[in-house]
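Each of the next two complexes has chain A plus one other chain: chain B in the first, chain C in the second.
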Partner chain A sequence: MEQSVARLQAQLMKDYYKDFSKYTKGRIPEHKVAWVTAFTPVEILEALDIAYYYPESYAAVIAASGKEQTLIQESTKLALSSDCCSYSCCFEGSISLEQGPRGIPPKPDVLIATNNQCNTLPNWWNILAERYDVPLIVLDYPGETVERDIACDYVTQQHKAFIAEMEKLSGRKLQLDKLEDLIRNSEKSVSAWQKVVGEFSKRNINPTALFDGISFLITSRCKAETSQLYMAMADEYRELQPTDDELIPIFWLGYPLWYHPARYLTEILDGYRISGSNYITWWSLDYSGKDSFEKLFQAYNYTFLNLTQKTRTERLSKCIAESNAVGAITLRNKSCKCDFVSAKNVGLPQVEIEIDMIDRNYLDVEKAKARMEIFKEILCTI
Partner chain B sequence: MKILSLSGFVPEQICDIVRFTQYDGSHTISHYCGYAADFISQVMEDETIDGAVFPKSCDSSRVLSSYLMESGKFLYQIPVPSSSDRAAVSYMATSIRQYQKAIEDFYKISIKDIEKRVERINERNASLKEQYGKLGEGVIYSRYLREIHNLLKTPLLEQQISNIEAGKKGDGKRIYLIGSFLSNCRVLESIEKSGMCIVGDNFPESKRLVFAPEVSAMGDIYENIAVSMLHTQLSPTQNRFSELIVNDLAEIKKKDVEGVIYISQKYCEPYDYLYYIYRKRLDEMNIPILKITMSDSTDNKKLDFELEAFCDLM
Partner chain C sequence: MYYIGIDVGSTYTKVCILDSNYAMIDLYSYSTPIGQKDYFENVMSELKKKYPELQIVSCGYGKSNVMAVKAISELTALACGSNFICPEVNTILDIGGQDTKIIVHEEGRLKEFFVNDKCAAGCGMFLKNTLNMLGKKFEEIDITESEEPEVKLSSTCAVFAQSEIVGLLAKDCEPDEIIRAVIWQILQQAKALLLKVECQDLILSGGLTKLKGIETYAEMIFKRKIIIPEYSSYMSALGCALQRK
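What follows is the complex of A and B.
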């Protein structure tokens, strides 16, 4: 029987949050626990029955619940600079006060950080390692700084060493066929999600649903239910009305604003519609390769933020062309230096707005409105 | 050929590089390291500079190419592995070979003096290590660090170490410095004027440079350079904070340090996260810590009042 979008979402969320402190009432998790960054090869953890949680995603959930300010202030009291990534400030406050909309995640047995997104995350994971006194594993992905063969060999050696460590932790032996199945699940999730994203520029889809919807590709990409969810979403979207041609199509270049009920600035977008976003394509990982190791290398070494400016510009330009956008809102995010420069040379008029994806205090709405007015005039004269 | 380098992760053994110290430039980028922004300015504006080499070690440095790509100058990014195991050494060695090839291709030269340079660097570092050992005991820190900065701006084979020994033991409260590259050495004079005596540091241009293990010219020289780079005093960008801190705290204890001054650049995440742990550990040891944040490479903040108050606190 086909399952509905709401039912599949509820099932995946229940599975992910069941061991958070709000629901466990002191119960110890059945599996070993890893805290991971958003581009960790979680297929390896899943194959070894290690549970994994994403502090970044939880910081987004906290901001969406409107509770981020108290927690950011708490982290400042603990001597964490407010210049640091707000995901870390918000999450540090949360675990320090043991507060969050779903409590806090189960304590980690291991911390795993990757540098294929930014270099801040491994730094942040070091302070988590200090707090919990558990092993920290940092996986180093060269991206395009060296030739492919060299990078593949180096990353594969690290993945093999990582598997050996995780086998020790879990007390299990990794089954390569199970790993292959899980990678296939991830491929299916990516493929189904791309169908969802493909409808965005054609149908009257609320961007909020996509900004929230991608969270399953982050936290549950190798679960079988994730591709089912996205196929169901794509089917629903195909039934929607076509986009309103009266509205100006615009590209959202940067993170969703997690604290905002719509995740984007509805209040300054009268007369516009968001027709594309780079954030919702970041987890469309390419798992091509002759075996599991090459597939994992390909997927996790060539993540968008780990590419050279030239490749990023090519990918982004393609993404923008598919969206039919005539302009872009480029977010200068206090918490992410790596994404902002993605916007270079994409051949589209852009308006720049200062924000933080977690801390609402970085946005000056009136200033943003004024900029959008000027931007509208520019777009109308082109 | 004049290549500006941003970091100690750029191997001096391959060819001459000019270590970036400070530059009063026009590039400002919000929420971005002022030191890295000044580096961008110098590469873009200084016509005597024809190349730039920098690490992939923090968020500011990882996107430097994006800002510099229109310069038309030689650009190269050096990777910084977190680990120092066999795979990391081999990967780093390959990256160093690629770096050499990129220089040879761009400048149409052939590099043949690596062994000679290795030998010279070994000798220089041994001399500097000796000076480091005498900090507070006859060597004044501000003179020691200025000497290093001058050396790093001079072609390797022309580097001459001056006699910087003052001949008398330093007095005042014993201070240890922690931080990223100290672009503005004037802060050191302010510290010394406030009655403090600097007895050690973990700056990249000092401790991590002069304590780098000697590179052997026997065997695979690229692997030997990589081993030295990955086995010297750690940088927070290598993401092994606990090992880094253990070493520093041992030195702090051994040298009877009475206070720590932590100097970082604004928007320098590796040092901001590291500070979080340092402060906790030093609080446990009852050692006071003063954090000074510089806005860019030329920031000449009036620190005298803060430093005097810190000295009084000790």
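What follows is the complex of A and C.
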């Protein structure tokens, strides 16, 4: 079974990275290319055979390769402040120097940004649009700020206009049955991933595997192999030992630290085990609806970061309850203030640690250790 | 048996000595020394001469330099000490030299804590540096009956605020007005921490509580009742002394 997980991961990664500059020697991609933000309705692009790439995810890959510092420094030459999101700094540095662990993604024909995760993100994409002199399409998702029916009509209108633009770009006509199949693939991927996440609080699973594993739900969610991969992972996890009761179960509230070999702070977590994390549920999109358009609306309008504080708190509380955690490590992320807002009402003893998910220099390990000591004193006297 | 609590803070070291009936035998403080390990070895032998039966618990930045039976966090100690002095209020805002903390306790057990150690404009060191610039002494400051200062520092960064102060001095602004503006700024920064917890009345602790008139000044800013207990700067040392094996 382990081989099957590895094989499926390798296949999906090969498929995603095959046109990056490290492998192509300047060859032009066969398909039109879109760069997208993490919560773009990529099922539409997949249905039209447009290749799509995620700059944010690639910034995480760059940090995991340990090369982020040079690239962040390079981005300051482009007048990006170090207060900007490190995903943008790291990726801008990468494309400027044309450096990255797999080279750089093929140049875009179109940029697609959504505001269902971060309102500042489309501004970064303006910089990219200027650099490549390509159109930027911004999809606006109102979230819970308007009634569902009105929001559905509004978003569907945009999705239809978006399809028309992408048909022009690709020279193909969108086949609705193909779109339906791809949405079904996404639903299956989400469902299988939830089975993986469901094992997390029960079994002795290394959180690193989940922080890395979710990347396929981001980059390849509508591929048929993704649900196969997650089903194989869930099968594998069911064979693992139950969790170690000697360790204190805690909730990791925030991003993985992409630069860290384990993706979380192993060095300050002696005696603890991470039993849950909100990040690994962010792409568990709900594709329910009577047709493809309603399904896409439901999935992309109600992403976690696009919800009201009240709904976020409800979802987070459920997530935390399922993890059986007795405390939470709440990450104040330099790069993502909108994520920190979601941690407003945790309802558990918590410790706040200042981090950046890309820039390793932002963390003061000694201060974090000191806070964890206090946190342990709290948890041990409850 | 005597129970000794030592809070080795970044600026001052505070000592509290209790007897076995929780009666306060002694309370004193001194500047935190350099070369702490050797210094506290001497302190220990002196204390042992005076109190042959003793138990020492330490907290604070230099807690590991004290040969104590136990070293605990200053926040755990603060929760315990505060509850002993003022059990009816469970939220404490501690404005220290290097950082500002807010804690909530439940019958003396630390329940919640949040720390600001990123912003120098919210810490006592900002005031200390300003006083040095102005050639003023801490003991000379009196903000009793002070209103909201007319002069406001526009910068929330202590470094840039210092430049702003240079500009204010050039415009003949009164040093006392500048000091009031700095204290206002420190409390404004600290106010952000209050939003993280649910609280009504608030205990203020830390070096800033020694300022004359700080209680009413803080009430004006925080818009709630502020309590500064007697021995407020000794609450962590007291919390250490209250620990029993």
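To be clear about the criterion, the second predicted complex is superposed on the first by the 379 of 382 C-alpha atoms of A that agree within 3 Å, B and C clash if a C-alpha of one lies under 4 Å from a C-alpha of the other, contacts with A are read in each partner's own complex, and residues count from 1 in each chain.
Following the convention adopted for this analysis, a contact is a pair of C-beta atoms (placed from the backbone, for glycine too) under 8 Å apart; a residue touches a chain by one contact, two chains touch by 3 or more.
Source: prediction; values computed, not measured.
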Return first, second, both or neither, reflecting whether A:378 touches chain B, chain C, both chains, or no partner chain. second
Per the contact definition in the header, classify A:338: touching chain B only (first), chain C only (second), both, or neither. first
Once the structures are superposed on A, label A:354 by its partner contacts, choosing first (chain B), second (chain C), both or neither. both
Of the two partner chains, chain B (first) and chain C (second), which one does A:259 touch, if any: first, second, both, or neither? neither
Of the partners chain B and chain C, which touch A:279 in the superposed model: first, second, both, neither? neither
With the two complexes superposed on chain A, say which partner A:138 touches: chain B (first), chain C (second), both, or neither. first
Quick check for you: in the superposed arrangement, does A:157 touch first (chain B), second (chain C), both or neither? first
Between chain B and chain C, pick out the one touching the greater number of residues of chain A. B
Check the residue A:367 against both partner chains and state whether it touches chain B (first), chain C (second), both, or neither. second
Which chain A residues are contacted by chain C in one complex and by chain B in the other? 354
Can you check the complex and tell me which residues of chain A touch chain B? 78-81, 83-85, 88, 113, 115, 118-120, 122-127, 129-130, 136, 138, 140, 142-143, 145-147, 150, 154, 157-158, 161, 308-310, 332-334, 336-338, 341, 344, 354
Chain A-facing residues of chain B, complex: 30-32, 56-60, 62-63, 65-67, 69, 77, 79, 81-83, 85, 87-88, 90-91, 94-95, 98, 236-237, 239-242, 266-267, 269-270, 272-277, 279-280
Name, in rising order, each residue of chain C that touches chain A in their complex. 72-73, 75-76, 109-115, 117-118
Enumerate the contact residues on chain A facing chain C in the complex. 349-352, 354, 367, 370-371, 373-374, 377-378, 381
